[in-house]
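What follows is subunit A paired twice: with subunit B in the first complex and subunit C in the second.
Here is the complex of A and B:
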């Protein structure tokens, strides 16, 4: 015991931090990579939903007409009669339609209404970008267990960032300008890892910290309960209850006009319904702080009951932190910056996982063979397998018939089915000791899926092409094409590595 | 000799953590990490329970400040416990960080008290 203690205290700080960084980074990194990839996609969740509903042609940013609001009211009443929680999102620059939104398990069912004519738009049912958004913070494991797990992983990320900073602190500046892609195997990975981590450190730290703080109530439930009792919790919570005795919905037009006067033009975001009141929430897109200011109206008379605004120092800090993480306020260029930072974060995790394996592969004995196979298979199945599965969802969206009744289930099942196949393939390749071949095969599949996606988009959207604004479709297509070409480049690089290994 | 020293320091700068002597023998580090993981959540919980009652703010605001601090202290505690040369030093550093959250809490009110 004393000898062991002497050995531990004899290690340098960097060595101890290196061990912590490697193991916490690897164990948490596999799932953190999934969180980062889906979070990166969730930055453009609305645009992805639009891409996944290619029939959409109309939309208007103007205040919804009375006919459209009456149609939304009718749909809300129908859903309330079936004891469903419903909300209505108002037209915005990113999504210029009125949507009746109903959470259904881990998915969201939306009915789009033309804000001018009030007609229900005949759009295909899709999981849309919400699939990635919800996966990002629940891992599809439920709003309790999933969120708590993501919170724990967030703490793990902060530990990994802290230990990484200690390891690289001495050479932080030289590392920033040193990238040797043609260097010896671990060196090139190391350079890529350090550059991605150090350049985007403020972003990575910000998203980790704010992400954990947003759902901190879940990891400190005993202390959070008192906040809910005190009424200081996020607005809207605990107001839904049962809609069995809900009063009829009053005319929404005057309510919306009054709320627009309060929050300004374009400042209204969505409507929530409780049995006794209708609340109009301030738009998250209107300011950086996600204030969730709300105006509450009597459901019997339609008169305003109260306006809730939280303006204390800590409340404003919370709103800023939430806004920074969610990026609902961000204009398109800033969203692209978030997207790029998310990709850099994913590169940091991917290269870190690969380095962990490279080091262990050299020293692994036959006793550790199965553990190494499992680690290599899971790493490949996550680093390449999950992006393949995400791309497969987009393909399934366009290839599965629009009239299929279980479209949403099919799309979300496609994510896990394809991901599962990729993991099994990766494990099999690792077991055969041909994991590098596995990397090349999955990377080639990913490159094909991404590079051909624009062609699929045009082929399946042909009939509506002339009546649509193209920016959202172009954005998704261009991003997938660029990523596809980058993966293709990586594929060629892997091919050369395999040839070099064969010569040896 | 000077040149040699310069070379060795440059080498050291580019050296990866695993290449450092002693990496292969972390011995008690897994046990240290386990202790850190077991202590981290109770520390966070203690902060979220204690700090709101100290702040001259509404409970909701106090709880938010406490949560922000707890989320920072939890990973710090793990880093301190695993990074210190002995466990007792790690525990002392963690205790210091825990106690530091209380005076720090008041700084959040600089944004404007309710």
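Here is the complex of A and C:
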């Protein structure tokens, strides 16, 4: 006992941190990778939704016409009569239509209205980018348990980053931009891991930290902010009665004009409805801090009741943290940097998981066979399986008939079905001791799905092609093609590794 | 071209050059080169690898304030990856 304690106490800080980094990194890493991949896609959630509604042709950034606002009011009243909570998003540079938004379980149903004519646009129902966004922060496990789990994983990420810094500290600066792909097996993986982790460390640390802080109220319900601001939550969360008792909605045009005077041109974001009031929220895109300033109007008279601006220290801290994490303020080039940084974070997790398994495989005995199979299968099923499933959602969106009644369920089911199949395939390959073949097969599938997506896009969007602005479609297609080509390169690399192993 | 895009471009460029100087000074890379940079050039590269990112930071904050700071931080990663790939390709060519 004493000897064991002496040996333990003799371990250096670096060794201890190495253990922590490896095990916390692996246990949290599988789920953190899912969070990173879907978070990366969520940076362009609006653009992905646009891609998934190829019929969309119009849109205008001008103030919605009275006819459009009247149509939105009518739709809101209809939904309120059925006890649904709805909001209306106003046209923005990223989404130039009026949308009536209704949460439906883990998804969101939106009805798009032309802001000029007031016509309801005949777009296919789709889960859109919201599927990835909601998965990112709930893991589809509900807004309480899911969010708390993601919070805990975020803390795990901070632990992993801190311990990683300690263990790589010595070689950190010399290896900052050192990539040796032709080095011995763990060298290339380690270089890729260090480059992805260290060069993007400020970003990774920022998203982990802000991600934990913005939902801290789930873990610490009585924060300084709620004490100082008296709650400060949005209206309509039960404090003003039930939606079945809702008063008729007043004319939204004058309300919107008044709010525009308050928040500035393009400063209005969306409308929320409670039974006694209508609130106009400040646009998240207008400033880096996501202030959620709001002007509240009486539903009976349409008169402004109050303007709420939270400016206390804790509130401003949360607003900046939320703004930094959500990137709603970010212009397109910055959004691409977020996207690239998200990919780098995913590479960091992927290479970390692979290195963990490479090390364990060398030392594993037959007693650990099943654990190793499980770990290898789950790693493959996550690192490649989840991107395959995400790509499959985009394919399903274009291949499933637009008129299908359960389109949204079909699309979200597609994600989990394909992911499940990939995990089963990965486990089977690991059980056969051919996990490298599994990597190549799934990577080949992913490369095919990604590389052919632009062709699918043009083939299924042909009839509307001439009437559309192409940037969103071009962005999604170019990104998938680039990623597909990179995966294809990885596939060739895996093929060579398999051949080398066969020769041995 | 917006001010933000200009800040992103200058930050990426200055980060890139600074990190390239840093990478090219590392013994692991120098060992693989047939021609070594002159000592005076190495001295300059040592100064530039510190000075250029700092210059990028000052310009970014002066031109775009808080958002410039975010752009400066975020542009380091992609610039570094490009430099790492370029250095690795050069090292392989001379290996």
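In this text, the second predicted complex is superposed on the first by the 485 of 504 C-alpha atoms of A that agree within 3 Å, B and C clash if a C-alpha of one lies under 4 Å from a C-alpha of the other, contacts with A are read in each partner's own complex, and residues count from 1 in each chain.
One rule holds for everything that comes next: contacts are C-beta pairs under 8 Å (C-beta built on N, C-alpha and C of every residue); 3 or more make two chains touch, one makes a residue touch a chain.
Please read these numbers as outputs of a predicted model, since none were measured by experiment.
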Partner touching more residues of subunit A, subunit B vs subunit C, is chain B
Query: Thinking of the overlay built on chain A, is A:315 touched by subunit B (first), by subunit C (second), by both, or by neither?
result: first
Subunit B versus subunit C as contact partner of A:120, first or second or both or neither = neither
So, does A:162 touch the first partner subunit B, the second partner subunit C, both, or neither?
first
Query: Between subunit B (first) and subunit C (second), which, if any, makes contact with A:456: first, second, both or neither?
result: neither
Practice prompt. Figure out whether A:190 sits in contact with subunit B (first) or subunit C (second), or with both, or with neither.
Written response: first
Which partner chains sit in contact with A:448 here, subunit B, subunit C, both or neither? Use first/second/both/neither.
neither
Discussion item. By the touch definition at the top of the document, which applies to A:182: first (subunit B), second (subunit C), both, or neither?
Written reply: second
| message | Let me test your reading of the model: by the given contact rule, A:174 touches which partner, first (subunit B), second (subunit C), both or neither? | response | both
Residues on subunit A touched by both subunit B and subunit C 174
Interface with subunit B, subunit A side, in the complex: residues 4-5, 7-24, 155, 158-159, 162-163, 166-167, 170-171, 174, 186, 190, 209, 212-213, 216-217, 219-220, 222-224, 226-227, 230-233, 312-318, 321, 359, 363
Contacts from subunit B onto subunit A in the complex sit at residues 13-14, 16-18, 20-29, 32-33, 40-41, 44-45, 48-49, 52, 57-68, 70-72, 74-76, 78-79, 82-83, 85-86, 108-114
Listed in rising order, subunit C residues that touch subunit A in their complex are 2, 4-5, 8, 19-20, 22-23, 26-29, 66-67, 70-71, 73-78, 80-81, 83-85, 87-88, 91-92, 95
Given the complex, residues on subunit A that touch subunit C span 174-182, 191, 195, 199-200, 202-203, 206, 288, 324, 329, 331, 333-334, 337-338, 340-341, 344
